[in-house]
Amino acid sequence: MKSNEWEVIKAAKEAGIPDPGFEIDKNTAIVITDPQNDFLRSDGVAWPIVKESVKENNTIENMSQVFKLAQENGIKVFISPHYFFPTDKGWKFGGALEKFMHSKEMYMRKGRLNMEGFENSGADFLDEFKQYLEKDNIILCNPHKIYGPQNSDLSLQLRKYKVQKVLMAGMSTNLCLESHTRQLLEEGFEVAVIADASGSAKLPGLDTFKGALMNLRMITSHIFTTEEFKEALNEAKL
Amino acid sequence: MKSNEWEVIKAAKEAGIPDPGFEIDKNTAIVITDPQNDFLRSDGVAWPIVKESVKENNTIENMSQVFKLAQENGIKVFISPHYFFPTDKGWKFGGALEKFMHSKEMYMRKGRLNMEGFENSGADFLDEFKQYLEKDNIILCNPHKIYGPQNSDLSLQLRKYKVQKVLMAGMSTNLCLESHTRQLLEEGFEVAVIADASGSAKLPGLDTFKGALMNLRMITSHIFTTEEFKEALNEAKL
Amino acid sequence: MKSNEWEVIKAAKEAGIPDPGFEIDKNTAIVITDPQNDFLRSDGVAWPIVKESVKENNTIENMSQVFKLAQENGIKVFISPHYFFPTDKGWKFGGALEKFMHSKEMYMRKGRLNMEGFENSGADFLDEFKQYLEKDNIILCNPHKIYGPQNSDLSLQLRKYKVQKVLMAGMSTNLCLESHTRQLLEEGFEVAVIADASGSAKLPGLDTFKGALMNLRMITSHIFTTEEFKEALNEAKL
Amino acid sequence: MKSNEWEVIKAAKEAGIPDPGFEIDKNTAIVITDPQNDFLRSDGVAWPIVKESVKENNTIENMSQVFKLAQENGIKVFISPHYFFPTDKGWKFGGALEKFMHSKEMYMRKGRLNMEGFENSGADFLDEFKQYLEKDNIILCNPHKIYGPQNSDLSLQLRKYKVQKVLMAGMSTNLCLESHTRQLLEEGFEVAVIADASGSAKLPGLDTFKGALMNLRMITSHIFTTEEFKEALNEAKL
């Protein structure tokens, strides 16, 4: 699909909101948030609330396509996963969805130095993505803890590889993807989003993908679809 | 008004999203973003795009009420303003609304050490608020530069006053207020929002207040209206 | 020993540098950096350069004592470890000791999700400390990557446990301990140091422990020895 | 002078500490901390404690030379000043030198939006530097508040100008210059220091310049003297 098939993108254009554009070059990397079972597998903790958006966007196929295109074009992909550990249960306060995640044991692992039970758990990566994750272009980062990368090493990893421009994809659009986007902007990265390689909660009266798309259109340099990203690679200076 | 008059808040309740609640105590402060003419005065650069939301929410009266209640109850208010300076025009890239703000000279000042022309400019505070701003409970912070407080001293100021819990208000809901909220959460503050003491862009097909309200309901501990904030003060442990 | 047996501490007192003091209370936690074999075991990568300081300070016994006193008094201990992973070898630049650490494969692990070969490696914790590490008062954090906690979740973990005051200990005094101290100060923590539960490189013409002690005395609220820390616990409000 | 005239630099070489080197290119900028009267003018609050080091290093002439060379070569200079405001007196805790600075009203200004009494005050820039400060290559940043740039917009300003490599100079070596250096390293900047365009407290038993030089030699990519910086410009890729 094309990004202008989204009403929000059309409306933004009609409203005259600038669209700075985003040129993919050798200092560009992809950041993928939460490519994990608890969002994307049918028995995942958050699947019931994101499945409608994931199906509409064709998120899993598009994320796979992004991984594949990155690998073929030698573009680095930085994975920012979400894990919780037993000591996180001792936290003394938290916002609404933090309460949800903790009550459902979302992304739960046995310990930071304990991989027991990780494989195929809700915290593990979706099987469809695993073929791409062991490749040389993949950098797995420290887990983030709320929604943004402030408490992980993502930004340092990007800078140590001389990355200046970031394409965002992954789950979920209005939470971790958007918080990552907002943080990377404050740190002086140039950011665009591959929006249909993402998805988020859709419940009656709560279309969070639409809400996120408004914000992301306003704060980033450009919104791509996966198809448009693929086309843009033809003109990329890699 | 009551927060449950907003459809989003009703929908969140029906969807079973937890509502952790927020108790106001002596470690609670208010953070107000961008209480400035370029948003809130009829000749302000962004007034045409936010005026509908500002009128619907009764934002100016509610912000004034928040300032007044804070002063009466000895609650500290931290102001996070938005200023641009001539050297910021040299920035080599930026997202969509950064382009908008720079092209319109929004929040523009002559220099960091130059107050010439500031008074009553778009960067100055709204006249209605000035009676509250010279009081002892007000701490004015370094300006933020994109949307969040990452490049200001807001968080340090809060911590140096032993603040652990924050009530957010100010302009605009989906940009600076939301980015401040997201950052404060990552830094381990407990955060709630006084949502109708805020407002944001509303354009055909782009109701950013509604979008922000979804996100804020999901990530913070509670959504207040100004009226509910006033009621909550009766039970506050100050 | 007493802190005033250190020349630097005496000199600071004579110079009239203020000593704000540090009262241990229920919002106080201990942060320990790098309690790992590569620093503290005789075959560790950095042992040859820190051993003199470690012996002089009696660092291992003092760190053990700090762990023991914390456990007995119910004080939380946050561990900030240092790990490198294979992808970190791809970093395109680094300072002098980053080069040293990478060339020596200091703190090396096989992968973030791979514990193979970790046990008893240079990256593992010193055996003497392991009896304390599985206890309820221990929170292990994401690894830091250069010297400070900016790229870990230490600060969030502290805040989520409502910690406002921090006692620093661990390796090495002028690098990770000092960078942690400096960062925690900027984030609005009140910080003191248990200086002889630490140690650092000592080479001809380069007494880094002494250098660090000067800085730490100037920037923190107080310098304790382990003995003084033990005494202070008698008056602590826990 | 040459950097190898410093004992610490000689000792580091003899100890085999790597010296990665630092090539000046078009993505390189200079960051100068606290070029202000309270450090560098004979009636400045901190002059009595830094004057010995400032004279030994020829700091004022060297800082002037750095400003001049930057201007001649079109290298951007980012100034990170230190200011305190009346509300900062309400801070509820602080480390030793924070107490010192507040008690002496160091860097004091009347308000963030009040320039009254600023000119020629301790917070103002040293007269010798003013001829360079109004030029196009100068970017003045938000003030820092403790010692590092974490609560200013320095890092964002650098990134918005696509700066990846930083040369540090300014006052004082072991406090603001070193905290800036440590923070910039954690954010993935490549950092070197022009060490004799800096100076710091020197009191009986407390040679903080020497202590800082040890740390800076260990954590950065290279230590220049001003003379060596001038020579390096001949081979710079600007």
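Each chain gets a letter, A, B, C and D, in the order it is written, and its residues are counted from 1.
Operating definition for what follows: contacts are C-beta pairs under 8 Å (C-beta built on N, C-alpha and C of every residue); 3 or more make two chains touch, one makes a residue touch a chain.
Each chain and its UniProt protein: A, B, C, D = Cysteine hydrolase.
Bear in mind that the values here come from a model prediction, so they are computed numbers and not experimental data.
J.: Determine which of the two chain pairs, A-B or B-C, is joined by the larger number of C-beta pairs in contact.
T.: When the contacts at A-B and B-C are counted, A-B has more.
J.: Rounded to the nearest whole Å, what is the centre-to-centre distance of subunit B and subunit D, using the mean of the C-alpha atoms as each centre?
T.: 34
J.: Measuring centre to centre with CA averages, how many angstrom lie between subunit B and subunit C?
T.: Their C-alpha centroids are separated by 38 Å.
J.: Please report how many Å separate the Cα centroid of subunit A from that of subunit B, as a whole number.
T.: 27
J.: Could you say which residues in subunit D touch two or more other chains, in rising order?
T.: Answer for subunit D, listing residues that touch two or more other chains: 93-94, 145-146, 150-151, 155-156, 160, 162, 186-187.
J.: Can you tell me, using the touch rule above, whether these chains form a line, ring, star, complete graph or other shape?
T.: Its topology is that of a complete graph.
J.: Can you check the complex and tell me which residues of subunit A touch subunit C?
T.: 85, 87-88, 90-94, 111-115, 118, 138-140, 142-143, 145-146, 150-153, 155-157, 160-162
J.: Write out the stretch or stretches of subunit A touching subunit B in their complex.
T.: Listed in rising order, the residues of subunit A that touch subunit B are 7-8, 10-12, 14-15, 17-20, 49, 93-97, 99-100, 103, 145-148, 150-151, 174-175, 178-179, 182-183, 185-187, 190-191, 201, 203-206, 208, 210-212, 214-215, 217-221.
J.: Please name which positions on subunit B make contact with subunit C in the complex.
T.: Residue list for subunit B touching subunit C: 155-156, 158-160, 162, 164, 186-189.
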